[in-house]
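First comes the structure, then the notes that go with it.
Labels A, B, C and D are assigned to the chains in the order they are written; within every chain, residues are numbered from 1.
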Amino acid sequence: MKKFRKILALVLVTLLAVALMAGCSNDGGSSADTKTAAKTKPVIDINNGAACKMAYIPMGAGQEDFPVILKGMQEAIALYPNITLDTYDAGFNPSNQINLLNECITQGVNVIFINSMDATALNSTIAKAEEAGIVVISINNGCSGVHTAHIQNTTYDAGYKAAEYLSSKVGAGAKTVILDVAAELKPTCTMGQGFEDYATKTGAFEILEDYAQSITSIEVGYQAASEVLTKYKDVQVLYCVNDNTAIGAAQAVEAAGRQNDGIIIWGYSGTPAALDAIAQGKILGTSYSDPFYEGYAAMVTAMNYVQLGVSSHNMGNEFFANVLLPTKNVTSENVIETIRGTHWDMSAYNY
Amino acid sequence: MKNKNIFANVWAQRALILAVLLIIMLIGNRSFFSLGNLRTILMSIAIYGTMCCGMLLCMLTGGIDLAMGSTAAFTSVVCLWYYNGHGMTDGAFVVGLLLAIGCAVLVGILHGVCDAYLLLPSFVVTLATSKLLYGLASALLKGSFIHLTNTEGFFYKIANTKLFGAVPMPIVIFLAAALIVGLILSLTVFGRRVYAVGANRAAAELVGIKSRIFRVGCYVICSLSACLGGIVLTSMNYITSATTAQGYEMMIMLALVVGGADIMGGYGDIAGAVFGALLAGIVENMIVMLNINTNYSKAVQGVIIVLAVAFNVYNNRKSAGLIAPRKKRAAAAPKKEA
Amino acid sequence: MSEELILRTENICKSFNGIQVLKNVNLEIRKGEIHALMGENGAGKSTIIKIITGVYTKDDGEIYIDGQHVVIDNRHDAAEAGISVIYQELSLVPELTVTENIFLGHEIMKRGLPDKKEMRRQVQALIDRYGFLLRPDEVVATMGMAQRQMCEILKALSTEAKLLIMDEPTTSLSASETEQLFVTMEGLREKGTSILYISHRLEEIYRVTDRLTIMRNGEVVGVVDSRTVQADTVTAMMIGHELEKTGVRVPNVNHDHCIEVKDLSLGNLLHNVSFKAYGGEILGIGGLVGSGRTELVSCIYGAVKNYKGSITLDGKPVSRSVAKNIRAGFGMVPEDRRTEGFFPQLSILRNIVISSYDRLSSLGFVRAGAESGHAEKAIADYDVRPAMKKLPLQNLSGGNQQKVILARWLSRDVDVLILDEPTVGVDVGVKAELYVYMRRLADKGAIIIMVSSDLAELTEVSDRVLVLHGGTFFQEFRDHKATQQAVLLASSGVAAKEGEVL
Amino acid sequence: MKISQKITRKLITLALIVILSAIFAATTSSFLKLINIQEILRVAAYTGIICVGVSFVLISGGIDLSSGGIICFTGIICCRLAVLGLPWPLVVLAAVVVGAACGFLNGWLITRFYLNDFITTLATGFVFSGFGLLAIAKEPSGTVMSQTIRNRGFLMLGKHVGGFYYIVIAWVVLTLIAWFVQTRTRYGLHTCATGSNAKSSEMSGVNVRRMKVMNFTICGACCAIGAAFTVAYQQTAYLSLGSGMGFDAVAACVVGGVMLGGGKGDAIGAFLGAVFMTIVTNGMRKYGLDTSWQYVFEGAVILIAIMSDAGFAVVSARRLKAISEKNANEEALMEAQKGGGAQ
């Protein structure tokens, strides 16, 4: 019996080994090819029906603009016949994103779209993907390393523009708290910086605190704002770098019974809830952008690169196509028309 | 056996801790002591405080549920998904709520059966189901969010009304849940038996308590409290997704352990749990008030857990007569067997 | 002092929390003798042992080994001095083999690694030398209790112990296993090893020891020759007053009120067991450990459900649910009170009333007044000390814990009480009290079934004794005819003339 | 008996791995590619190295959930030192020393103050992440800054030779060393004894406290090694490094037969557990399913794996019980006859 078990163990191990070897020898040749051919990316003639496999790695399933971005991508896909797009959930963990990138390389996709969780952690893996001939396009949250293109809303300008607009609403030196993104995202989400820069330049605002949060849900926004309201009794402006925080802040103001104190709340990105809140006057406004166009732009950029076969590598070092999409200030004045034109899913609201 | 040392009393210890914190705040930032801030603290602990009440029962019987957050997310997604899909009426809400409750009960039964009948380590099981439920919630929403937009309906009003025009509903729900669980534990036969099962399962069987059914029951209550927490949270945020309440189980365990509950079962009470939740909320609030980087809050919480566990172990060991005074402590009996 | 002394202690004193637990204890143990140490719980036996073995440090006094003054500060010093202990709870590691267990903590090393071959050889040599039924490579988890005990002794011997201390080694052994142990001990004595033997059981003291030291309240009250001393003298010295004898009496048996077990079978443990237990009598069930005694009573109680056959109470079938049986008036004091009997963190009150909520609650709510009244009455009735209902049970002595468990059932006037080894680790005084409570209950007409390995208890206390052997009842002893020897014979499968063969 | 049972337990995991691999290989095209196998091994090696450390703690009867925090802290230290341009052996050494110190702190707290290890290590995990935050590079304003490592010597650790990443080689070597230590040395014996029955081991002269502290220390050191290789591969360290690893490593160990409660299993089991968990995750992705369903399947497979393990435990416990009863009965009979004769 004992002997039998040992033999069985041996057989199983051998089986596994043989299978491994067989697998390796199967594509041994092709992997050698990709190594030597790394510098020139394959040209895929998608115009004439060549198949192209794409993958989209958002931060995680809870990323709010993910479905809208996806909608934009899918609309662009329809331009060509044989393009497939898979999506992967990284559960808001950079290590998972690295594993998923490797997964995409393994599966031999042609294009990877990614909302990076960390500005530098993915660099080596993205470089590996680029080397394997994959077009890597980062969306919104970028990576500092070499990759084909980056699609983003103008975060810095949005902050600057919002500050510009708000300066007309309040007196000089208005006491302001910035409810900012988590520290590790700051290099790419620079609206707080834009706002601050305007403030230091013109002196329109006095920044009391740049409050960095790790999660961006309404609840955390509520807590943060509540604490800020208690800490700084005389705060006049809450500049929030995303809409959930802004909505949470609005709730906090209401809960504190200070809705008549004229505290101004500004958001960023223009989610359905934020548009609704603007329409109802709960928050003053937001730096609106439609993620649909980000998706669309990302996809079109990808298609261009795929057809051209150029990438960061064969264009020389550090090539970096930076596609910036504009934002607009949405307030109660233009919110209804914005809602009518948006690709966000507003079906749950009555407009 | 009169104890002259007042710090041997658990509540004296807790009062001391609170006093120290309050003194720090008195020096650090006076605005901590406003009524608004008290409400802020209570609001911030309301959700996981509610969930604590269920988890307490689970922990008392020696179980642990790391899928609390995922259960809350999944059930709230189910409820809101049905609600939005069926005209956003109060009737749809009731059906959705029943669906959510059904799911919570199923999840609880799964956990309980795995732990009590199949004798699987509960923390691996609940870890696996937390992934599973996250996946299901995410699949139901196709990776997206779902909004609660009907501000007239009952669903919206759960969290957004105030009792007597002053006390927000989530706090009321938290206190009600604590009160109910407290009454169950102190006044009912069920409560007495929960403690008995936690203290010694085999002995409980032999005095006619079906300990395994009790444990399953406690897991079900635990999942139900997660469901309640998820629904209230959804109503509070007007939105839910698969990531709702993620990581809450850690806050819950922190609150319970700080409140004197033992992860091995048999120790703990609702007053302690409420105290634990409150302390966690106060500390989090303090970190903000004192301008400490919020990233450190987790680390501070960690230190507090270690201190709290050390206090509890000290109290329990002393009541078990394992700690001899002063010099004999080193030679005291080895660690009690897990 | 003609004989050489292996161990001599001089005026050992020790106090905890200002309470003196040892007062000038002088122990003298000769070379090659089996020396018994007796005393009630709390007499200081374990404390002196722990001082000799280095678990506690003494406050005052000297220890001499082989006439040499030694300082024992920790276990290591004790082992160096040649003292080995076999504790009440076995100290083997279940996942390891016999060899690994024996050499645990002092492995033979070769080139930095344990020398398995050499250790195995030495263990085999030891086994051969003492003639034990052991295999060096067997994993302890797969062995029976007696084998583990052997392994334990072997472990003590492997360190070249001059003095072997055995702390109630027979608690978990059946009669024949105990006999086997005694033979082993005698063998060791012949080879010159001294043994300090601690036990509650007088017959064992007579059977195997040479001299006997008796302790009371932290003092040595006498050293006697254990071959000639009278049992009365010993007990009198131990407890300071004469033990109240329950005496032989004719019980008032009610033949109309009975539990009838018919053709009960359980796996390969029990085969077609049939018997009746009547109201008003205490029925003793004897047999070897593992003969199915515990399983038999568990079946009656409903804790084991998958049996075949029928169990009826006054003609009505007995349920297979513990809860239902408790409501019908059943009660059980389980074999191992630590793991199955009580709730250590819970208060005395909760431990007593836990089985009686059917009476102390309405609509699922506890009636607090009734609850605490019930517990207070039980604490007073059954003399639980200290009489503090809020105290966690783990802080009580073993005897009082057992009183609480008994009170749990007696306070609700049970009709059928099952006791499985009711007096293990309970001192003589409390034992007598427990017997009185049992008898009082029987006199009220209740059915009492008592399983015991303690032959004296079985023969003294029960009115009728049934002996299990080979999965079925072998002999019945009626009308107090059971003697210890007869029961011992019957449990080993030899028919004794006093009882009827079934 | 003992040996064959241990082998049987591993055979079950191995068989599960083979069956799953066969299914994935047969139904997907990319599973059995060289590049994918390299990737599986790399990911498994990261989990696996942590599992080696965790297996020591589990065998000695404890549990360590702080590995995520230790990885974060030591990873950040690696990153900072590597950016300074220190030679890689020094960087790794520093990380290992810090990791071991973290582990030692765990062990010391738990043994000195009789704390529950589950909750304590969970808490210290947070604390170690906090240390990581203290150590991470910051801009003058106090916000966290990402640093890219350009230290060639250190980055070499993240590279591969002949298709095998260095981390995989380290993993195999560590596993073999750990296996040797656990099964062949006195240290391993004492670890197993501590986990199996701490009280008995204490009485036999095993320094139980020291064993526990040592094992936590080893676990911390292993986390540091895993972190060093991972940071070298990712070329940076960030605050969420290692998040979730504490639970994942324990789950992998349990799946590999290193049971909670102590005394059972060894590093080979932990190795197989890590491979199994990685293959499940990796294979599921090959189907192009919605990622949500991958989470569902992952959870379900872990459940099934521990259920099958429990099934095995029940069967072997029954067998053991039957054997011991048989032994006891035989002996009792034998002795009874002897005893009867004597009477």
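One rule holds for everything that comes next: a residue touches a chain if its C-beta (ideal position, glycine included) is under 8 Å from a C-beta of that chain, and two chains touch if they have at least 3 such contacts.
Since the model is a prediction, treat every value here as computed from it, not as a measurement.
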Third chains touching both chain D and chain B: A, C
Set of chains adjacent to chain B and to chain C: D
Between C-D and A-B, the pair joined by more C-beta contacts: C-D
Most remote chain, CA-based centroid, reference being chain A: C
Distance between the centres, which are taken as Cα means, of chain D and chain A, whole angstrom: 34
Centre-to-centre distance between chain D and chain C (centres being mean Cα positions), rounded to whole Å: 42
Where chain A and chain C are represented by their mean Cα positions, the distance between them in whole Å: 70
Residues of chain A engaged with two or more neighbouring chains: 61, 87, 89, 91-92, 183, 212
Numbers and ranges of chain B residues touching at least 2 other chains: 134, 138, 142-143, 242, 293, 295
Chains touching one another, given as label pairs in label order: A-B, A-D, B-C, B-D, C-D
Chain D contact footprint on chain C (complex, rising order): 75-76, 79, 85, 87, 89-97, 100-101, 104-107, 109, 112-114, 133, 137-139, 141-147, 155, 174-177, 179-180, 288-291, 485, 488-489, 491-494
List of chain B residues in touch with chain A within their complex: 29, 31-32, 34, 36-37, 39-40, 43-44, 47, 84, 134, 138, 141-149, 168, 233, 236-239, 241-243, 284-285, 288-289, 291, 293-295
Interfacial residue positions of chain D with respect to chain B in the complex: 61, 109, 111, 113-116, 118-120, 122-127, 129-131, 133, 142, 144, 198-199, 202, 208, 239, 247, 250-251, 254, 260-261, 290-300, 302-303, 306-307, 310
Residue ranges of chain A in contact with chain D within the complex: 1-2, 5-6, 8-9, 12-13, 15-16, 19-20, 22-24, 26-28, 31, 61, 86-89, 91-95, 98-100, 102-103, 105-108, 117-125, 144-145, 183-184, 186-187, 210, 212
Interface residues, chain A side, partner chain B - complex: 58, 60-64, 66-67, 87, 89, 91-92, 183, 209, 211-214, 217-219, 222-224, 226-231, 233, 244, 247-248, 252, 255-257, 272-273, 276, 348-350
